[in-house]
Amino acid sequence: MKEELLKRMVKGPDGVEFEVEPLRDYYCEAGPTVQTPAYTAIIEKLFNWARSESIWILGFGTGCGAIEMRPLMTPRFDAYRYGIQWRPTPRQANLFVISGYLSTKTLKRVIRSYEQMQSPKYVVGLGSCTINGGMYWDSYNTIKRLDDYLPVDLYIAGCMPRPEALLAGFEDLKKLIRAGKAEGANQYAENFEWYKANQKSVIHDWDMPDYNW
Amino acid sequence: MVMQALYDTLKPRFLLGEFTKQRDDLAFITVEAVRLHALLRHLRDQEGFTHLVLLTAVDWLEDGQFQLTYLLNNRAKRQDVGLRVLIARDNATMESIHDLWAAAATYQRELREMFGIDFPDSPRLHEDFILEGWQDIPPYRRDFDTLKYAQENYRDRPGRETRDPAQHMKQQLYGED
Amino acid sequence: MAYQPDRSQYPQKKADGTLDIDLASGKYLKLWQGPQHPGITGNMAIELTVCGDEVVEGKTHVGYLHRGFEKLMERRTFMQCFPIVCRICVPEPDFNEYCYAAAVEELAGLEVPELAHWIRTLILEMGRINSYLMYLGGQAGAFGQGVIGQWTTYVRDLMLDRFEELTGARIYHMFIIPGGVRDNLPEGFAARMETTLQEIESTLGDVERVMFHNAVFKKRAVGVGIIAPELLDSYGITGPNARAAGVAKDVRKDQPYLVYPELDFEAVTGKDSDIYTRADVRRRDLLLSIDLIRQILVKMPKSGAVMTKLPNVLHWKIPRGETYIRGECSRGEYGYYLVTDGSGYPRRVNVRGPSYTHSIALFERLVVNANISDVAALLVSLHTYPPEIER
Amino acid sequence: MSEASIERLKSKTTLKDILEVATEFERTARDFYAALAPKVQKNLRYLVQELAEEEQRHYDLFTQMAERDDLEQQLQTEVERPVNDHKFSDCIHLPDLGEQPDDQAVLQYALKREHAAMEQYHSLAQSTEPGAIHDLFLYLANEETKHKNELEKVYYETVHSGGV
Amino acid sequence: MSIRDVLSPFTAWKNLFRDPVTIADPLNERPGAARYRGFHKNDMDKCIGCGTCETICQNGAIDMLPVSGVPAKLGDSGLRPRIDYGRCCWCALCVDVCMTGSLTMSNEYKWVESNPDLFRFTPGVDKKHWDNAELGYQRHAEKHLTPGERVEMPELEPAARIGSFTEIVDGYSIEQAKLEADRCVSCGLCIATCPAHMAIPDYIKAVRDGDYERGVQLLYETNPFSQVCGRVCTHRCEDSCAARHEGDPIAIRWLKRHIIDQVPQEKVLELIGKPAAPTGKKVAIIGAGPAGLTAAFDLARKGHAVTVFEAQAAAGGMTRYGIPEYRLPYDALDKDIAVITAMGVDIQYNQRVGTDIAMQQLQSDYDAVMLAIGLHQGRSTRIPGSDHPQVRKAVDLLRQITTGEKIEAPKSMVVIGGGNVAMDIARSMARLQLQQHGEIRVTLTALEDKAHFLADPVEIKESLEEQINILDSRGPQACVIDDSGKLLGLKTWKVLSIFDAERRFAPQYDESDEQIHEGEMVVEAIGQMADVSLLGNELTEKLEWNRGRIQIDSNGRTSENWLWSAGDCVKGPDVINAVADGHRVAISIDSVFTQQEAKS
């Protein structure tokens, strides 16, 4: 565990010494909760429509597939006209595109980022690697099935999928959201223990709280 | 020819081992671990091999040895020389060369992590480099089985099965024989 | 007026040479950049220790993209390795294909048809253009000039169209196969390529006017991140990073491979070795690549074999041996060290990516005393791609 | 078959006569094969038995034919005697295949018979006007052709196996 | 820095007047390029289920699975590749290596699913909208990941071989054999076609590895006639070879010979090991041909006492008395037989059952009897004149050549037949003609046209090289004899067609195209039959028959529980089939013995 995460005594600017325990003090350990539609069906529908038309993607290119997101952000493919844009921070994003393989080291950051995103939030897996390990099926350092660790709403086939395929995927995701079927965040909350156990089984140096949003 | 001449000159002084000419501009020379540092310094300062191209290891598990390969480039003469150093695999240790090339420290850090070779005094040698929380034997060692590790630690998607054509045909066409 | 920082507050060095940084003193702050992309550099993290807005220490953290290629290749046959090597570098994958194929061919004693050499060179130069276009967008973006990236990504995509029609894929081309290349140029390729090259040239003109002749960019990039020429050897610096320091290090000229001896060109160099010069060297190198592609399309044979006869690749064994193949990629010297042991599998493959030394040892040295706001631009100016570091 | 019946085929003849001769043709063959079967080695018996069965089938066919109502008025129709019916009538002679004929001999004999019958019916069909009788002969010719072809295949497969 | 650096960036504003570069409908306007490596297609009719795609896939993305409506058949495993798009990397190595070119790629690339399990699909079976896509990646014609051309077998030049009975084929050198073995993709489709189901891919691997001792062990697991089968096997396995679709099939037969050539006889014996302890059971085998001796070898190794009764003075059956020495030298055959006798098999030569010893006696003296008498009686065309003394049967002549009887070669002769026996006798007589008269005048007439010759193509090629005049599509009509009773030659008619719609024999002749082929001798080589007279009337009546042949069950057992039969006499001519039969009979006899032991 990193030094700065250890419980230790700290001397404040006023000269007073006090104890800090970063993992307990700086994070909220309350788990995620299932969000039930609090409104009437018609309002929920309106909300889903709104959500589907504002897909904000976390700008975290986790693997190779990220390179095909760049053309989408630029004039030729211009995803912005579809209500899709990229955001630099999880707090502003509602879609996490896992762009291919995930090393266990990145998985740890992905989990943190995902948990910091606001519900309702969605996950799209790009390419073979997220489905069944892809060409790294025998690698010691990459996960094989993304859905073991995060709830996945959609997969897009390819290695890697082209920008057009990504757009097709986003269009499908919109349909799912509008149909009220993109329930990944709730699924994560409902099966939190299961996901957490899976995550911990591959991240051997788990040095963060179980839930840290 | 140039490489052969260089080898012949340096051989008595550094007790060089086997010489393998791979191309006109690339040769490999085996050298003892204790003479490596001096030889590298000589090649760098006297012979114009100023560029450390790479430093890596090969695991000869069967022989119980690691081969360290130091690849040097002489840009002016358009020559490359690879120095092979064989060290024991058990408690593998090698003298650090970060004092000759600053960049070597990174290579040595990687070799420590991926092969388990120690380079005493090399900066930040024991900090995690590529891996994080690694608990198994160093993964680039030949006795580390990556497929086995993957199968034990991760789950494949179920639903896969396959048949061997010859076995299937036997079963279908002449199984009763 | 030059910036005169007050360094009285700086940490002392401990006996072992490391900095004596007491975080509890409140004078220092740990600041992480990444592993989300800082600029266009891909997934790596920089752990900065800052004092005020000045960096006192930077550590590069890599491994977020580690898949263990060198291990995986040890359990794949020589042909099975061919599709996986390109994944080691996403923006410029073809050098992996070339270096791997050339290493295998050398150890297996295969002669590649001449036409294949020309097509390989063409592909490598096309890839270089793409890589530089990404870089230019990233370098400008690191200083807040988003528009350059919009333009270069568009023309890069036009080049991807050429890649697609030639190789059958946009990003991972898997075209330079041990033994040759997969196919000849498609009908009418040269004409379409010329149109694309003209589009890129036109865009580069815009880039020059908007990015390089730009007061803001010059203010930020000139005189920043200087690599002293005497560092080159110690830090294994190659490619544009070295050429911007005035040393004409270019494998294409130094140890020519493929058909470079038959092409007419000089290595592009600069003098000042700062961020601006490095960007300018890359821009001019990009123009050189455009010229090289034009030369290739004129000089290359129009027909002929593209593949040599291979043994049965299902049980292809290569005698014991070792070799190193290098090429000049957009970031510097790219190389494959291949060791074979007479079996059907490589004994060891080591990939030497230029980012390995540039983004760790060199960057950690350059970042000291840098302003926080320059860190991303500095890292981008070294033009690093993390997957080739950790593989 | 009696001398008289052969005589009858020699000139113009009636349909009734033709059918009678044909029926006779099949009957004698059947009896011949039936008598031969126990005499040949057991390994060849299947061949002779199959031939006998086939002739029986034909015999039944002709018998049924003669009883058909729709043909009754036409049975007396005069029909031109075919040119090559001597071959046909030759075949009514019973051959001497020896005590233990082999498969090849039996097949050769059977082939010759079927060939003659086929040609006979073909000629008859050609010499009649289109109509029920014409169709009848065509049908008979076709039956015999089929049988002949089948036997020919068996013959070639047995004899001309081609060696290793 | 100058004023220019302040103004120059404003040139970016010119883009306000530029047409947008945005693609209006990126979802539909962008088909993949003509070479695009998109989603897979598989042509079900061309695919042979060899699984080479599975072997080369470095991602383990391909499974071979049975699909309904595609039964396994010779040369087609009936399996079809199912691809896991949770593994695929679209490298197209599977397309490049595909032995038949059935596997290709479309230029389609958009596929989105919520359920990841749907990404496993069998191209060509699971219907997809890209199945009929015209564009997409196909293998470049030049690109072969497996070599297509067979390594030429070195052999004697026609001029050198024609005057003697020296073996024509030299056998591969180690380098040549390695190169040839290297071509094998180890799919195993051949195993089902080989009647003996030899472990072909494994012994070819042994050649690649240079592990000839393992090779010999593998050969002897299924076939004690490696010398024989390595030379004269009908090698139907090569018709099922996946490499056939890519180029030449692997020279499986020559590789088998190569293995046995590399290992000295003593080493072979050592590798096979000693037979088991005696069991006290006695088996009589009639006929020392491949079927009889294979069974004898197997049974002897199990410890049973085996006696083989052979009518001729030497063992081998048709392989000795039917196949000329230039194809199968006697010393090679002798080596195979020596291994068999070394297992303790007792061969009684010149013992003709039915004449020298009665069947009944064998029945009473032995625990089991096996009949493997082969097909040693030549068939005759029985055309007019075929009873002339100068009209001979090929098998009889070949036997005479083997026994060393002096044969007066005619100055000219005609051979009837288009099978291997016809080629054998034509080429043997040609050698004798050259020796005795200094020139070759042999005409060979066959019913079949060249495309349908029963003989091996190599035999035809070599016969032509040896100056045999081969006339195809000629139906023999009569042997022409002059008034003095001298044979003048053979009269033939042109054959218009040879097969009917069902591909059964039904020759049609053109009687107007009549030829007379000159010959002092006519040799009939149209087929053989078994001489079953040795059985005697009583046993013949007792036995059940099946269309002229003794009826046997799948284990080779006849309706009489003490009698088994195998080989050419029950299955028709084929040496490897005879070997396979021999094994089956041996297993059957042995299991009957085991059951008897268990009961008592």
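Things worth noting here:
Should a chain be cited, it is by its letter among A, B, C, D and E, assigned in written order, with residues numbered from 1 in that chain.
Going forward, contacts are C-beta pairs under 8 Å (C-beta built on N, C-alpha and C of every residue); 3 or more make two chains touch, one makes a residue touch a chain.
Given the structure is predicted, the values throughout are model-derived calculations rather than measurements.
Under the touch definition stated at the top, chain C and chain D share these contacting partners: E. Counting C-beta pairs in contact across B-E and across A-B shows that the higher total falls to B-E. Among the remaining chains, D is positioned farthest from chain B, on the basis of C-alpha centroids.
The most centrally placed chain, judged by C-alpha centroids, is E. Distance from the centre of chain E peaks at A, each centre being the average of the chain's Cα atoms.
Separation between the centroids of chain D and chain E, computed from CA atoms only, is 43 Å. One inter-chain figure worth recording: chain A and chain C are separated by 29 Å, centre to centre, where each centre is the mean of the chain's CA atoms.
Taking each chain's centre as the mean of its C-alpha atoms, chain C lies 56 Å from chain E.
Remark: chain B and chain C have CA centroids separated by 23 Å (rounded to whole angstrom).
Looking at chain A, residues 75-77, 105, 131-133, 135, 137-142, 145, 159, 162 sit in touch with two or more other chains. Residue positions 21, 58, 84, 86, 89-90, 116 of chain E each touch two or more of the other chains. Residue positions of chain C with contacts to 2 or more other chains are 63, 66, 68, 71-72, 75, 83-84, 154, 172.
Across the whole structure, chains are in contact as follows: A-B, A-C, A-E, B-C, B-E, C-E, D-E.
Contact residues of chain C toward chain A in the complex are 23-24, 26, 30, 35-37, 42-43, 63-68, 71-72, 75, 83-84, 87, 90-91, 134, 149-150, 153-154, 157, 160, 170-172, 387. Listed in rising order, the residues of chain B touching chain E in the complex are 157, 159-170, 172-174, 176-177. Considering their complex, residues 104-105, 108, 131-133, 137-145, 148, 201-205 of chain A touch chain B.
The touching residues of chain B, when paired with chain C in their complex, are 20, 22-23, 25-26, 28, 44, 50-54, 56-59, 69, 71, 75, 78, 80, 82, 101-103, 105-106, 123, 128-132, 139-140, 142, 144, 146-147. By the touch rule above, chain E contacts chain B in their complex via residues 49-51, 54, 62-66, 71-74, 77-79, 84, 86, 116-117, 120, 187-189, 191-192, 197, 201, 554, 584.
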